[in-house]
Amino acid sequence: MTTLADPHTESFRLSMLLNDTRYRSLTFQFIALVAIIAFMAFVGGNLVRNLAAAGLNISYEFLGSQAGYDINQRPIEYTSQSTHGRAALVGLLNTLIVAFLACITATIIGVIAGVLRLSNNWIVSKLMSFYVEIFRNVPVLIWILIIFSIMINTAPAPRDFRGDDPAASMWLFDTIAVTNRGVYIPKPVWGEGSLLVLGVFLASIVGIFLFRRYARKQLFDHGRLIPTFWPSVGLFFIPAILAQLVLGSPISLDYPSLQGFNFRGGITILGSLIALWFALAIYTGAFIAENVRAGILAISKGQTEAAGALGLRPNRIMSLVVLPQALRVIIPPLISQYLNITKNSSLAIAVGYMDVTGTLGGITLLQTGRAIETVLLLMLFYLTISLLISFFMNIFNERMKLQER
Amino acid sequence: ATLDEVKSRGKLNCGVTTGVPGFAEPDASGVWQGFDVAVCRAVAAAVLGDGNAVEFVPTTGKTRFTALASGEIDMLARNTTWTFSRDVDLKFEFTGVNYYDGQGFMVPKELGVASAKDLDGATVCIQTGTTTELNLADFFRSNNISYEPVPIETGAEAVQQYLAGACDVYTTDASALAAQRANFEDPSAHVLLPEIVSKEPLGPLVRHGDNEWADIVRWTLNAMITAEELGVTSVNLEELSAGSDNPEINRLLGTEGDLGAMLGLEADWAKNALGVAGNYGEVFEKNIGAATPIGLARGLNAQWTDGGLIYSPPFR
Amino acid sequence: MNQQAQMTVSDEVAIEITNMNKWYGTFHVLRDIDLTVQRGERIVICGPSGSGKSTLIRCINALEEHQAGKIVVDGTVLSSDLKNIDKIRSEVGMCFQHFNLFPHLTILENCTLAPIWVRKTPKKEAEEVAMHFLAKVKIPEQADKYPGQLSGGQQQRVAIARSLCMKPRIMLFDEPTSALDPEMIKEVLDTMIELAEEGMTMLCVTHEMGFARQVANRVIFMDAGQIVEQNEPEEFFNNPKSDRTKLFLSQILGH
Amino acid sequence: MSDTHAQTVAFVRETEIPPAPPPASQAGAVKWVRENLFSGPFNTIMTLLALYFIYKIFMGAFPWFANGVWDAGSIRECRDKVTASGAETGACFAVLVDRWDHLMFGFKYPADAYWRPLVAFLVMLVAIAPVLFSKVFPRKMLILTALYPFLAFWLIWGGSLWVPLTILAAIIVTGMIFKFVESLDVGARTILAAVVGAGAGAGLAYLLFTGAQELWFIAGSIGNATILTLISSTLFMALSVFTYAMFIPMGIFVGYAIYNDAEDGGLVTIVTSLAAIYVMLAYLLGPVSGTLNSIIPIELQAVPSRDMGGYMLCMILGVVCVSLSIPLGIILALGRQSNMPLIKGVCVVFIEFIRGVPLITLLFVANVMLAYFMPPESNFDLILRVIIMITMFSSAYIAEVIRGGLAALPKGQYEAADSLGLNYTQATRLIILPQALKISIPGIVNVAVGLFKDTTLVSVISMFDIVGMIRGPIQQSTDWISIYWEVYLFAALVFFVVCYSISQYSQWLERQLNTSHR
Amino acid sequence: MNQQAQMTVSDEVAIEITNMNKWYGTFHVLRDIDLTVQRGERIVICGPSGSGKSTLIRCINALEEHQAGKIVVDGTVLSSDLKNIDKIRSEVGMCFQHFNLFPHLTILENCTLAPIWVRKTPKKEAEEVAMHFLAKVKIPEQADKYPGQLSGGQQQRVAIARSLCMKPRIMLFDEPTSALDPEMIKEVLDTMIELAEEGMTMLCVTHEMGFARQVANRVIFMDAGQIVEQNEPEEFFNNPKSDRTKLFLSQILGH
C-alpha cells in the first residue's frame, strides 16, 4: 500500500480515518494500542486479585536474605550464609561456565565431524552422518540423562579406589581420577617464580604472533615462504618448559588423592558438569557439523576449480579461498547454536548441576516461594545473554558482509 | 471456595510425592497406595463420599508448592514438613501432623561410619527444595565439617545415585530413608546413622485463606486419629455407625449432633472417611507398619495414650 | 580475417593430445581425441551441448583426469604426479564461464593471490603486474572494489587478468561470454581479440562465430565426445564437410 | 602426426567411434574400495580407525542386545536370568514389555481405551497426508484434515461425541452466516452493519470501561512506597484515565467503522460471524450437545488431561502446539513485516523475547505463573497451560521461518497484486501467503521436529511424558529401580524414528521445491 | 504508419498530470511532469536508464506516491483515499517487465483472480472472459498450465491477458519486452499492436523503436526526471529537437 500526499486540502471526515492511507495506519495502531492496554488491564487485574487472595506480594527483597543452602560448584566465594542474590550469581556463573565449555567443545566436534562428513572416505563419512543423524533426532534431554546415567553407573565410585586390590585405579601415572562423582585433575600450585614462567609463556604466545607476521611479511616482500606450523608449536611449548626447568620447577602440581570419602586436592570437575557439558557439546556438535558442511558446500565447486587452475595447492585453496568464504556462511548459524547451548544449559536441573535455573529458579524459588519474581529474573538473565550474543552477531555480520552492487 | 469447586468437579486433586514406598506410590496397575495417599482418599470420601474420587497429582520437592499455590491441587499430602516460613511466608495452612519425623542419614555399611559427625568430606545426596537441604547445611556448619551436596530432584534419583556410589550418604526424612531402604536389593548393607538432626512434622496442607476447606482437611485427619483412640476400626465401623453408647463416637460418626453440617458436609462424612482404609493406626500398620517391609515402629507416632505424640482435639 | 595472417604461429608444439579417452563412470565422454596445438595458435572449439568441449579443455589443465592416452603440455607430460600438474597449471591459464572470482578478495587481491602464493612473487611486484594486466583489460580503476560490485563483463575481464597475472603461455576459455548480456559480450571479446593479437596460444570453447572468424586459426567441431571436423574458419563455416557440422551450423547461424 | 595437423588443417571424421567400456581400473568393487577407503596413507588410517571404532561398538553392544531378556517381572529376576544363561552382559528389555503401556500412554490412561489414541494416531497419518504430499493425494482429502481435530479430540479425551460435533456445527453455521452476509445486497448489508456496528461498539465500550476500572484498581493496589512503585502506579493511573477517556469514542468509532464498511462488507461479515460463533459456543454448546447426548448418547469414557502421559503426551503436545502455532506464527510474521511501528514493535518484542529465553523458563511460567494471570475462578489444567506456553514458544520460531518465506517473495508479486486492485487481505491471503508458506514448509517442519523433541522438557515440571515416565514411576518402582540403558535407549529410539522420518521428509520436500521452481 | 491514422483518438481526457513532482528521500526523481493523455492515445515513453520512466507510470496507478502536483485518471483525482486508489486501479491495467504472474495459480486462475475477488464476478463468467482474452493473446490452450511451464513470451502475454480481464480503460506497460529473448519479443509486440488497433489507451515504456513507429501517436523522451521532448514518432526519430534526444537516439539505433 502506498500513501499519497494530497496537495488539495480537504476538510477532515471521520471516514478518512478508515479510507485514507495517511490516517489508516494510525487508526489501526491506535486500536492496537487500546487492545494492548485492555489486555494489560485484564492480565494485571487478575494478577493483583490473585496475589491479594493468596496474601502474596511482589518483592525482590528475598534476594538480600540468607540462602541457607549449599552449592557444590562455587566459582566465587559462597557459603550457606550468603544471600539468595549471591546464590543466583553463583548459578549464573555456573551457567556461563558450562555454556562456554560446551560451545568450545561443540565447535571442535562439529568442525571435525562436518569436515569428515565431506571426506571421500566412504566409511568415515558414513560414520559421521550416522553420528549427526543419531544425535540430531533425539531430544537433548534424553542425551543428558543417558550420559549422566552412564557416568554414574559405569564410572567407579571413589570407594572402588580403596583397598589393597582396588577395583579401579587412577589414570596417567596416578594423576587423574575418573569417578562417578566427577573427574579429579591436578591443580597447578603457583610457587615462587611462577610468575616468571607464566610471563615466559605469555611472551612466547606473543612471539608466535610476531613470528607469523614476520613469515607473512617475508612472503609478501621477498617471496620467501617460511613454514610456520612446527615453529609455532615449538614456540608454544619449549620456552615455558625451559623456564620451568631452569627456575627449578616453580609451578608444581597438586595431585588429587583419595582421602576419607573422596579425592581431595587437585581440581574437581563435577560429574553433573561433565555430563551436561558433554551432552550439550555432542548434541550441538551434530548441528554444527551440518552447518559446517553446508558452509563448505555453499562455496561453489567453481571457486576450488578456479583456485586450482591458478596453481594453488589444496591446503592453500582451503586456507585462502574456501575457508574465508565458508566462515561467513558458517558463523551466523554457529552463533545461534551457541545461543541454543546457553538456553539448553538450563536443562542442568535434570542432572543436579547448579546453574542459574538450579539455584535461582530452583532452590531459591522453592525456599522462598517467590515464583513470579524468580521466574521473571531468570528470564531476564537468559534474555540478556541472548540479546548480547545476537548483538555481537549482528555486528559481525555487518562486518563480514560481502560487498555487492 | 475450594469445597464447591471440588464438589462441582466431583474429584479431589491431591498432591502426593512422585513415589516414596509406603507413603505414596502407584502400584503396577497405576493405583496410588500409601500412608499419605490414605489421607487424600479419606478427605475425598469425606467430601464426595467416594475414596476413589481423587486425582493424584505427583509432585516433586520442587513443584509441590507451586502446584498448591496455583490451585492445581486442592491439598498437598506429601511428607511435607510444617515450618514457620512455609506456614507464614509461603501462605500455606498446615492442617495437622500425620507423621512426626526427623532427618536421618543412610550410609553403606562398608564405609564403617558410626556417626554423622564422621562424615567430614562426604558427598551427600539431597533432594532440592526441601527442609532437609537447609538442615543439612546447618548441621555441617555447626559441627564445622565439610561436605559436597549433590542436589537431586526426586527420591528415586537420589537412591539411584546413592546405590551407584555417586554419593556416600543419603539424607532425608528418616521415614523415607527406611521406606526406600526396604526396596534395596540388600537392605542390610545400609545403615541409618543414629543422629536425627531435625524435627520434621509431616502433614497435609492447603492454601491460606480458605478456612472452611482447611477445616475439612484438618478434621478428616483428626477423625482418623480420634477413631483410633476411640477404637473405631474399619471392622466395627458399620456396627458403630448404627449408634453406640459413646457420645463422642456418635458425634464423630454423625449419629449424634451435626458436626458434618457445620463443616458443610454430609452427616456421615467421617464414616465415609474411615470407610476407605480405617483409622490412623490401621492405615499406619497397613502401609508402613512393622509388618510391612518398611517396618517402621510407631514411636513418636503412637497415640498420646500410648506415650506418643499423636493427639487429636476432641470432637465436640 | 586479414589480421589472422599477421598473427604468428610458430611450429613449436604447445599442446599435444594423443589418443585421449575419458569416462565418467561408464559414460564415455571423450573418445580418441588427437589434437596438436602449435605455439601461438588460436583454436575455437564448438559443438552441441554435452559433446565434451568443456571436459576436453578441463583435461588439459588437469581439472579432470583422463583415463587413457597422453596429454603433453609444453613438453610436460600430464600424469598424476602432483609436480607435473603444478607445472602445467602454472603455464596454462583458465577462464570460466561463470568467472569464479573470489568474492571475499578485492580485484587486486584476486589478481595477486596466485602470483604471491604460487610463484612467490613479492607482493609489490605482484601488484604492479596485476595493475598492468588490469589496465590491459581496461579496468585499472576497479582494482580496489570487490567482484560483487562489478558488472558481469567487468568480472569476466578481471578473470582474464587474473589468469594473465600468472603469465601463462596458454590460455583456455570455457564459454567465457555465454553468461553475459549482449553489451558485455563485446567488452570481453575485445579483450580476447587483443590477447590473440599478441600471440597468446588460446583454446576457446565458444559459439561466437564472429570471434571465430576474426581470430581463430582453426575451428574444431566436437560431437558425442569426438572431434568430428576441424578446419580453418573460412572453410569451416562456408564449406562444412561433415553432415553433423552442417546441421549444427545451420542451427547456430540461423538464429 | 603433429606436423600433419599443423599444415593440413582440414580434418573430417567419417566414421563414428563406438563408445568403449572404461578400463578395468575404472569400474568394479576393487576400484570403489581403493578410491573410497584406501586412497592414501591418511585415508587408510582413517578407515582403519573407523573400522576399529565400529568393531568396538559392535562387540560392546551386540552381546548385550543378543542376550537381552524379554520376559521378567523385575530387574532382579531379569539379572538372574541373564546370569543363569551364562552371559556376561544382557539387556533387560523385559522392562519395555512390562511397562509398555506406561511408556506409551502414561500410567493413568485407562487401559481399555488404549485403542483410542492409536486410532487417532493412525487417522492422523491419513489426515496429514494430503498436506504433506499435496501432489499425490487428492485435494478432497483435505476435508478429512479439517475434520480431524474434532475426531482426535473426541477419541483422546473422550466424553460425548456431540460436543465436538456441536462445535463443528457451530463453525459450519458460522461459515454459512459469513457467506450469507457476504451475499446480501448493499442495502440490507447497510442495515445489518448499522445493527452489528451498534452492538459491537457498545460491547467494546463496555469492555474498555471495565478495563479502565481494572487499571485503576491495579494502580491503587500497587501503592507508592518506593519511587519505582510510585512510577508504575502513576503509569497505570494514566492508562486508566486514558481508557476512561477512550471507551466511548472507541466504541462509537469501531461501530462507525463497521457501518462505514458496509459497502465492502469485510468487517460486517467478520464481526457478525464472530458474534455468532461466540454466542453459539458460549450459550448453545452446552445445552445443545447435552440434549443431543441425552437423546442419542454416543459417549466414550472421558479421560482428564492429567491422565495423558508417556509418548502419547509428547505426540499430543507436538501435534497440537505445532498446528496451533502455525496460524499464530503467520500473524506474528505478518505483523513483523508491517510498516506500522507499534504493531511491528509488539511483534518484534514478542518474538525476540520468546526466542531469547529457554523453553524451560516458559514451562515454569506455565507451571507457577500463568495461573496468577488468569481470572481467579478459571481453572486451566496444567496441560492446557503448557500447551499455551509451548504454542507461544513455537509460534515465535515459526514466525521467523515464515518471515523468511515472505522475504523470499519477489516484490513484483506484491505490486502485481496491488495493480490488479486486490486489497491487503486479499493479496495476503490469495497471493502472498500461499507462496510464502510453500517456501517455508521445510523450515516449519524443522521447527516442528525441534519442538517435538522439546516436548520431553515437560518432564522437568513433573509431567509424565515418556521421559517423565522413565524418571518417575519406572525408575522409582521397586521392580525396575535404577534401570536406565534399556529405557533411555528405547525413548531415544522412538524419538529417532519419528524425527528422522520427518527430517527426511523435509529434505525430500526441499529437493522437490528446488526442482519445481523455475 | 498508415494504421496509425485509422486508430481513433477521442478528445476525452484519459490521464491528466499537472506539475507532478516526486522525490525518493532527497532524490528528485520526477520534476514538473505535465502530461495529458487523450482517450485512445498510444504513447511510447523512452529515455536513458534511471530517467524516471518506470516511476512515472507507476505513479499513475499509485504503486508509488507522488509528493506534489495532481494526477487525474479518468476523472478521478488520485488522492490518498483508498476508495479513489481502488477505483483508479480497476481502470488501469499494468504489465510489468518481469510479468509477475502468480506462480502458484494456473494461467486461468491468474486471469480470473482479480475479476472474482475485486469485481465480484461469478466464477463462470470470469472464466469465460478470461478464455476470451487468452484466445486474444493466442494462448487459450495453455489455460490450465502453471506460469512456470510457459516461455517468457507466453508469460508476458498471459500478463497482458490478466490485466485485460479487469477490462481496464488504460493500459500501462513497463518495458514489457526487455526481459525476453528476441524471438519472443515479436509475439508480445504483436499482441500489443493488436490491442492498440482496438483503440485501447496505452502508455508504454519501451525501447522498441519499431513498435513506436508503428503504433504510437506520440513519443515522449525523458531524461533526469523531466520530459525533455515529445512528438509524433516520425518527427521524433527523424528530427529530434534536443541534443539529449539526438545523443540517445544515436546510441539506441546504432546498436
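Labels A, B, C, D and E are assigned to the chains in the order they are written; within every chain, residues are numbered from 1.
The definition used in the following text is that a contact is a pair of C-beta atoms (placed from the backbone, for glycine too) under 8 Å apart; a residue touches a chain by one contact, two chains touch by 3 or more.
Please read these numbers as outputs of a predicted model, since none were measured by experiment.
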Inset, instruction - Quick one: how many steps at least from subunit A to subunit B, stepping chain to touching chain? - result: 1
Inset, instruction - Return the chain label for which the distance between chain Cα mean and whole-protein Cα mean is smallest. - result: D
Legend entry - Most extensive contact between chains (C-beta pair count): A-D
Inset, instruction - Name the chain whose C-alpha centroid is most distant from the C-alpha centroid of subunit E. - result: B
Legend entry - Centre-to-centre distance between subunit C and subunit A (centres being mean Cα positions), rounded to whole Å: 50
Inset, instruction - Report, in whole Å, the distance between the mean C-alpha point of subunit B and the mean C-alpha point of subunit C. - result: 89
Inset, instruction - Would you kindly tell me how far, in whole Å, the mean C-alpha position of subunit E lies from that of subunit A? - result: 57
Legend entry - Whole-Å gap between the CA centroids of subunit D and subunit E: 45
Legend entry - Touching two or more other chains - residues of subunit D: 368, 371-372, 418, 471, 482, 484
Inset, instruction - For subunit E, jot down the residues that touch at least 2 other chains. - result: 63
Inset, instruction - Please set out, as single numbers or ranges, the residues of subunit A touching at least two other chains. - result: 53, 153, 349-350, 365, 371
Inset, instruction - Using the touch rule from the top, collect the residues of subunit C that touch subunit D in their complex. - result: 9, 11, 13, 16, 18, 21, 23, 25-26, 28, 31-32, 34-36, 38, 67-68, 217-218, 224-232, 235, 241-242
Inset, instruction - Mind listing the subunit D positions that touch subunit E in their complex? - result: 410, 412-413, 415-416, 418-423, 426, 430-431, 434-435, 438, 516-518
Inset, instruction - Enumerate the contact residues on subunit A facing subunit C in the complex. - result: 219-225, 300, 302-303, 305-313, 316, 320-321, 324-325, 328, 402-405
Inset, instruction - Using the touch definition up top, name the residues of subunit C that touch subunit A in the complex. - result: 61, 63, 86, 89-90, 92-94, 96, 98, 100-104, 113-114, 116-124, 145-146, 148-150, 159, 162-163, 166
Legend entry - Parts of subunit D lying in touch with subunit A, wherever the complex brings them together: 32, 35-37, 39, 43, 46-47, 50-51, 53-54, 207-208, 210-212, 214-215, 217-218, 221, 236, 239-240, 242-243, 246, 250, 253-254, 256-257, 260-261, 339-343, 346, 352-353, 355-361, 364-365, 368-369, 371-376, 418, 424, 449, 453-457, 459-460, 467, 471, 482, 484-485, 488-489, 491-492, 495-496, 499-500, 503
